[in-house]
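One chain, subunit A, appears in both complexes that follow, with subunit B as partner in the first and subunit C in the second.
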Partner chain A sequence: MLVPSSGTGQYAALSAKIIRFVRHGCTNRPFFHIVVAERRREQFEPVIEQVGSYDPMPNERNEKLVSLNLERIAYWLGNGADCTKPVQELLGLSGFLPIHPLSYMAAWKNRQAAEAAVVEEKPEGDHK
Partner chain B sequence: MSVFRHFSRKLVLNTFKSDIKLQINTHCSVCLRFLSYQPIHYDGKPDPGPVFIKKEVQTLLRTLTRVDLAKVFKKRRFGETQLQQPVYKFMTDEQLQEAYEEAKKKVDTFLQIPPVVAVRKPKDKVLSKDPALQGLDTSAFVFTDISYGVRDSERMILVRETDGTLREADWETRDRINQLYFPVAQRQIQTPKMFQDSNLEDLLKRGEYNFILDRACLQFDPNDPLYQKIVSITYQCVNDNNHFNELRSTRHFGSFVFFLAWNKLIDNLLLDIIESEHIEEAKALVELYSHIHQVKYESKENLQQIDEYIKNHASKKAALELAFQAYKNAAKRKGEVEEGIKRAHGLS
Partner chain C sequence: MLRLLSNLRLFQPVSLHNHQTVRWARKPRKPRWMPTAKSKMFKIPERIKYPEEENKEVLRLFNNYRTAMKSIKQYLTNRYNVQLQAKSDTEQLKKAFEEDFARCSSINDKWNEQIRKEREVRIAKELQEEIEFSKNRKAEVLRQRAEELEQAEEIVRKEKQAVASLITPEQLDEVIERAINNPVDYNFAIDLDGNRIYGRETMSADAVKAKQ
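Showing the complex of A and B:
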């Protein structure tokens, strides 16, 4: 039987829940649903509930679109659901949770890399 | 009567001509044609909403709309799609009367006047600034709260910029995102090309007022500055060309009249109404003007109120006075003829 990707609403009462991505979309075109699922389930098994979506490819205005059903996310977090790190990072950027340390680390690393690239370019420019 | 009409029309036309000449002198010739209409927004000083929503004002606007059932239920062009074939029936007189009553009930939904509200204020609230997030990503994140049961205008839509600022999305982004996640049927994510200045000008030249206004109603919120720009330009065009019959019996006539009254431009319409001898509407229009601008007329009688408006507030005094005098003469003569007929029949 086919199950809706928006979730079945069925779960074992005492199972551990987790809010995580499920990769939809196709080859070379990722698109993620943010779902509440039982932790022991595989990625493409039926989920409990979809609580958002994330499009990691920027649109023509250079925006990445994230939708979050904050009411349901708050409900599941209140019921002891866990979050994966990417979801925690998104929730942090949205201002719902504190910003995740990984975001700061990634930003810092990117800045370092950019500075290094600038330093590398400069000597070449001097030669010319 | 016809002589008077001719004269008054001539007068109005002449005043237009002088207007156009003035514009040629003052503006460059390129911006003369269409952009001679400046968009007029309801800037919220004072707020038109509470005045518009008043029961008396709504009744006046409805009176001025001059409902014509044949026009409300006329055939509409939907392109390829055909909705339903008409059904022809034989009916007795009572059944026909019932059918008319049914139709009259439906009119209200067809003639819902688009709301008149002040233009919205820009959204630029910054929630947090975090320079430590610079360089995290090369594109901005747009976060939308899709919780159930929240209105489009109240939905939380935030943007995390590349420099780490978290701020509220501006209105343009909000409209786009709302249409993306919660689509309104037939509304487009991008503004249709017909609303670009050059295309709009062409449409106005062809007199497609209803098409513009219907589409604008569908595409924009009434407090959108772009909506108010398009609509105000269309209204001014209709007013200047005296194409009032295009908008009569449509939902747009109410907000059109309100716009004219709000900006003190009702003289053309008043002239049109008096010339076509709909004196009830002329009274309603003058009353609407008094409601909006808190003008108190000294006389209680309606005809005298119109006279008073023409004397004290009208800008095209001469033409209006002429037309009103002509109406009064015609009405007097009509009364005399009726009296004569009655006398001839021995009724008085």
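Showing the complex of A and C:
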């Protein structure tokens, strides 16, 4: 029996639930489903419900596309589900949750790297 | 058993046939049972040191994030949690249940009444049939008994007839005398045509019977 990747809706009542990624791409082409699953299950086992998707590779307009079913995410968070850090970051960037500290850290590291690159480009004696 | 298990594949990682692990698959990697290299045995990687300000900032951010998440989770729990919602309108659920029960009960009573009427009619009919059957059976039994009595009387009558020709002790001597005087010879000859030919001195059974 094949199980739909959108979820089976079956779960143990008292098990820990988690909202996390499942990698549904292929080699060198990542694509993630955002799913609600039982925490003890492995990545490719049947999930309870799919609540979104995430394409981490930028398209031709330099966009990383995310879709989220916010109603269901709110429902599952209200019923005791946890999120993994990457999902928390995505939800923070989408404005549903506060922005995750890891996002801030990534941002300032990128900023520092960019500044360093600018400094490196200019010759030593050139700057004011 | 195998078929049963194959129906339970929901609980197995069914998508794994699309999944190929490449860990340890590359050639130049050393076998996983090999120990740490001698040259690396006592190498302790230097711990990365972040600036003090950055550490404080990260700690602050995480504290804020946790606090915010706690309150958000509490809000969502109050709003969406199944158990809390179920608890909140227990009274209403109970009332709804009682109304439903009353409705079902009235329907059930109606059906019971209807079935009671049908049952009474049926029982009366069955009683009538039973009475009819017993009457028939009684008549039949009586008829059989009369028949048996008839047969018994028939037998008695025949016996009584037979009694007339019986030999009594008073007659005994006379009967013996007669039997001795009239000997019966049952021997006979037979010719080609099947005729019985009795002897000159003997008498045929018919003749004896006639004489008696």
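We take it that the second predicted complex is superposed on the first by the 123 of 128 C-alpha atoms of A that agree within 3 Å, B and C clash if a C-alpha of one lies under 4 Å from a C-alpha of the other, contacts with A are read in each partner's own complex, and residues count from 1 in each chain.
Definition applied: contacts are C-beta pairs under 8 Å (C-beta built on N, C-alpha and C of every residue); 3 or more make two chains touch, one makes a residue touch a chain.
The structure presented is a predicted model; accordingly, all values stated were derived computationally and were not measured.
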Subunit C versus subunit B on the shared subunit A, clash or fit after superposition: fit
Touched partner set for A:110, first subunit B, second subunit C, both or neither: first
Angle, in degrees and to the nearest 10, that opens at subunit A between the C-alpha centres of subunit B and subunit C: 90
Subunit B versus subunit C as contact partner of A:52, first or second or both or neither: first
Partner chain in contact with A:94 - subunit B first, subunit C second, else both or neither: first
Which of subunit B and subunit C A:62 touches, first, second, both or neither: first
Which of subunit B and subunit C A:77 touches, first, second, both or neither: second
Superposed arrangement (fit on chain A Cα atoms) - minimum subunit B/subunit C Cα distance in Å: 12
Subunit B and subunit C contact sites that coincide on subunit A, given as residue numbers: 104
In the complex, subunit A residues that touch subunit C: 1-3, 5, 8, 10, 42, 44-46, 74-75, 77-80, 97-98, 100-101, 104-105
Contacting residues of subunit B [partner subunit A, same complex]: 127-128, 130, 132-148, 156, 158-160, 164, 166, 177, 180-181
Of subunit C, residues touching subunit A in the complex: 7, 9-10, 12-16, 18-19, 58, 61-62, 64-65, 68-69, 72-73, 76-82
Subunit A residues touching subunit B - in the complex, by the definition given at the top: 52, 58, 62-72, 90, 93-95, 99, 103-104, 106-108, 110-111, 114
